[in-house]
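To start, the structure under review is shown below, and the notes come after it.
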Amino acid sequence: MFDLLHYGFMQRALLGSFLVGTVCSFIGVYVVLRGMAFMGDGIAHASFGGVTLGFLLGINPLFTAIVFALGTAGLIQFAQRRARIRLDTAIGIFFSFTMALAILFIGLMRSYDARLYGYLFGNVLGMSSGNLVLTAALAVVVTAAIALLFKEFKFLAFDEEAARAAGLPTPLLSTLLLLLVALTIVVSIKAVGIILVASLLVAPAATAYQLTNRFGTMFFLSWLAGVVSCLSGMFISYWLNIPSGASIVLVATLLFALAAVFSPKRRPCKVCGAEIAK
Amino acid sequence: MNNQLTPEPAIMVKTGLAVQFRNVSVTFPETVGLEDVSLDVATGEFLAVIGPNGSGKTTLLRTILGLANPARGTVTVLGTHPAQARRHIGYVPQRTPFDPKFPVSVFDVALMGTYGALGILHAPDQRDKGRVMGLLEAVGLADVASHVAGHLSGGQQQRLLIARALAAQPQLLLLDEPTSGVDVASQKSIIELIRGLHDKLKLTTLLVTHDINEVMPCLDKVLYLNRRVYAFGTCQDVLNRETLEKLYQSPVLIVEQEGRPYVIVSDRHV
Amino acid sequence: MTKFQFQGRVVWGMDLGFWTLFELWALGFGLFGILTPALILLFTSCSRPAPEKARIHIVTTLGVLADWARQVGGDRVQVTSLLTGLEGEHTYEVKPEDTRLIARAGILFRVGLGLEDWLNPVIQNAGNPRLVIVEASANVPTLQDANGREHQNPLGNPHVWLDPKLAEIGIENLVAALVRVDPTGESLYRTRARAYSLRLDSLTQALTALVVELPDCRFIAFHEAWPYFAERFGFQIAASVEPVPGHEPSAREIARLTDLIRTQGIRVIGSEPQLPSDITTMLTRETGVRVAILTPLTGAIHGVDDYVSLIRYNIETLVSALQ
């Protein structure tokens, strides 16, 4: 069973999915607390536009994916703040806009490139050392940003208005958080694919949310759920010969379901007796 | 009260005025927020801002914070531009209930008040944490410090917001309708708490409310606001029937009850 | 840093205020997204030249078949191929102009055996009742895939054109159709077909001699295009990377391939320009196996534009990799 660890491609795949699970679970805490799940999905689909453009032009698709992800995040924010369009409307519009561009770019390609399938559904087995280095670098950047701005993001997530009134540069912080989410998504596309990356962003953090009332603990539990999902998902995909992206997300969803059912938050507060309204 | 609560003056207030408005107008795309408002608040004064709903009271506070920009006029706060003064202002916003599932404790929320002043890369140290704990004691929340913030009652959440605002060691305290959404018994204790804090800390305080009786007996100055300034001055100047009737556009009766004046506005709940 | 502010000014429903660099860039990105499709569409609209009236119009699916048709028909035919060679023969996507070509064609020359099923709706829509359809695989004895695994089409693996002997049967089929459509050209067609067949025979002999000298003639094919080719020239296909073209192998399958390369000492793996994949590169790095770039279609590799070059190129590439 564990002889599969002898293969270089498997070692890289496990390490890569570990890194992706880590960074998704950290950023996922903010995605869940600020209700950015739809935004995450929108950015993921927007990255597909970037990937297809990269294939069409013969450029590294991860690079064009980042451009599209950041650009779409910026446009959504622009629409929301300047044109005062509702957030979910803005996301819906730019999401479909970039998907339409993706379909256009595919139509302009001479022939179907099977590697596109890998970007849609995940191709962690094809991870090269170069991919791994890039993933590790981005994981470090995102984690460092979260660590440095830990208290600022905490205040931002809890009460944005009060944070601004207290002197924190909330528009800047909010934009920075959005950019970190976009970067995380692009990095994770290789592992789980564009269609599933939003779930890897949400499920581990949502699991942690069910299980704890402490902010710091939420990060730890989210990380645990993320890493367990990724590693066990990879092993399961090998045993059962099923796609790795799917098995990772199925494990993550199972963990969430268990947490939701056995959640201590669903019972009245032991200390203060408060009934949870929602 | 211990020394931890005394704010350290970080800005030299040159003119002795904490807040100064000169002909300030604030407009929004759809409505007018404030129209030609002028007022002065001296350091250490208590200003009650009274006005009906939608009269621009919140806009006034936001303008002081630099969150709303005046189309006309000048605003000076603590001797400088509002945005610069922001980290020396404690703001207690109009309370919206906390998300009961958000994973922060009461202490966490109070500590957040220090983040603006600390800046990036500096974490709160033991001194800051001790000070915040003292604030929680002062507002009567010390025994629930490790509870989930969202589990507190309305009155308790309001006190927490006050503690958070004071955590920044501000030189100016702004309170926006601190008794809204709070049960009647707690309302009184909250107002007493605020007046007590003002008394002990000599902190310049602006309290915004739609109910004039909340701020009786009157302290220092009163401002009647309904987009424009209807009256601004000391209690003696302003607290009389004629001025009040002009503000409320209704017959007004001032009654003495246990040595305290009480305003009754006929056929309209204030 | 000075900030230029449009105080509370609203233009076209947008609240203008201080614009960050990021917002400007995002706006630029948005404009790019709208302009790019327009520009691309402007620059890529091109059409194939209309065939002349005097000749017989033959439309083929593959470039290889087009080459055969030109060899046989000479000046009496005008041949167009649908695939340019850069597209995969299994994954080709029909273009609107293909329908026009089929509508005006006299003969459609295709491989058959289900390879070009994607063409069936086009043939129906083209509305060309006098179209003569010729299949290169008719009367050809078929093989299944390597290792006896049954091909997707139960009738057999369609890549018959890669065996020059079987090519001759396909050419015969075309000649029969040409004679039916244009009886006056019969002697020309038969003479040219015979000459070409002789050429193919001597080519096969010469190239087989190269293969016989190899100590080890095993390789891993990329997809199941090579059974007939291997059978004719004496190669042995140990396994396929993508038995179903476009479907990348799972972790277990990659592990199996790795094991096969290591334990059986397979030294060469094929890659094909029509089916780009990261897996071959990865296997190379992992095991040190050599990559031979093979192509089942003409037009994909520079200089490999006709059938004879195609066969020669594939043999020579594979042989040199196996040295």
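Chains: A, B and C, in written order; residue numbering restarts at 1 for each.
Throughout what follows, a contact is a pair of C-beta atoms (placed from the backbone, for glycine too) under 8 Å apart; a residue touches a chain by one contact, two chains touch by 3 or more.
If you're wondering where the values come from, they're calculated on a predicted model, not measured in any experiment.
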Task: Check A-C against A-B and say which one is joined by more contacting C-beta pairs.
output: A-C
Query: Using the mean of all protein Cα atoms as the middle point, what chain has its own Cα mean nearest that point?
result: A
Centroid distance [mean C-alpha coordinates] between chain C and chain B, Å: 75
- prompt: Per the centroid of Cα atoms for each chain, what is the distance between chain A and chain C, given in Å?
  reply: 38
Message: Can you compute the centre-to-centre distance for chain A and chain B, using the mean CA position of each chain? Integer Å is fine.
response: 40
Query: Which residues of chain C are in contact with two or more other chains?
result: 15
- line: Per the touch rule above, chain A residues touching chain B in the complex are 33, 148-149, 151-152, 154-155, 157-159, 161-168, 209, 212-215, 217-218, 265, 269, 271-272, 274, 276-278
Field: Residues of chain B defined as touching chain A within the complex
entry: 65, 67, 86-87, 89, 91, 93, 100-105, 108-109, 112-113, 115-118, 120-121, 123-124, 144, 147-148, 151, 161, 164, 168
- request: Could you please specify the touching residues of chain C with respect to chain A in the complex?
  value: 13-17, 20, 22-23, 25-27, 29-30, 33, 36-37, 40, 44, 84, 86-88, 91-93, 242, 245-248, 250-255, 258, 274-279, 281-282, 285-286
Message: Residue numbers of chain A touching chain C in their complex, please.
response: 4, 7-10, 13, 49, 67-68, 70-75, 77-78, 81-84, 97-98, 101, 104, 108, 110-115, 117-118, 123, 125-126, 128, 175, 234, 237-238, 241-244
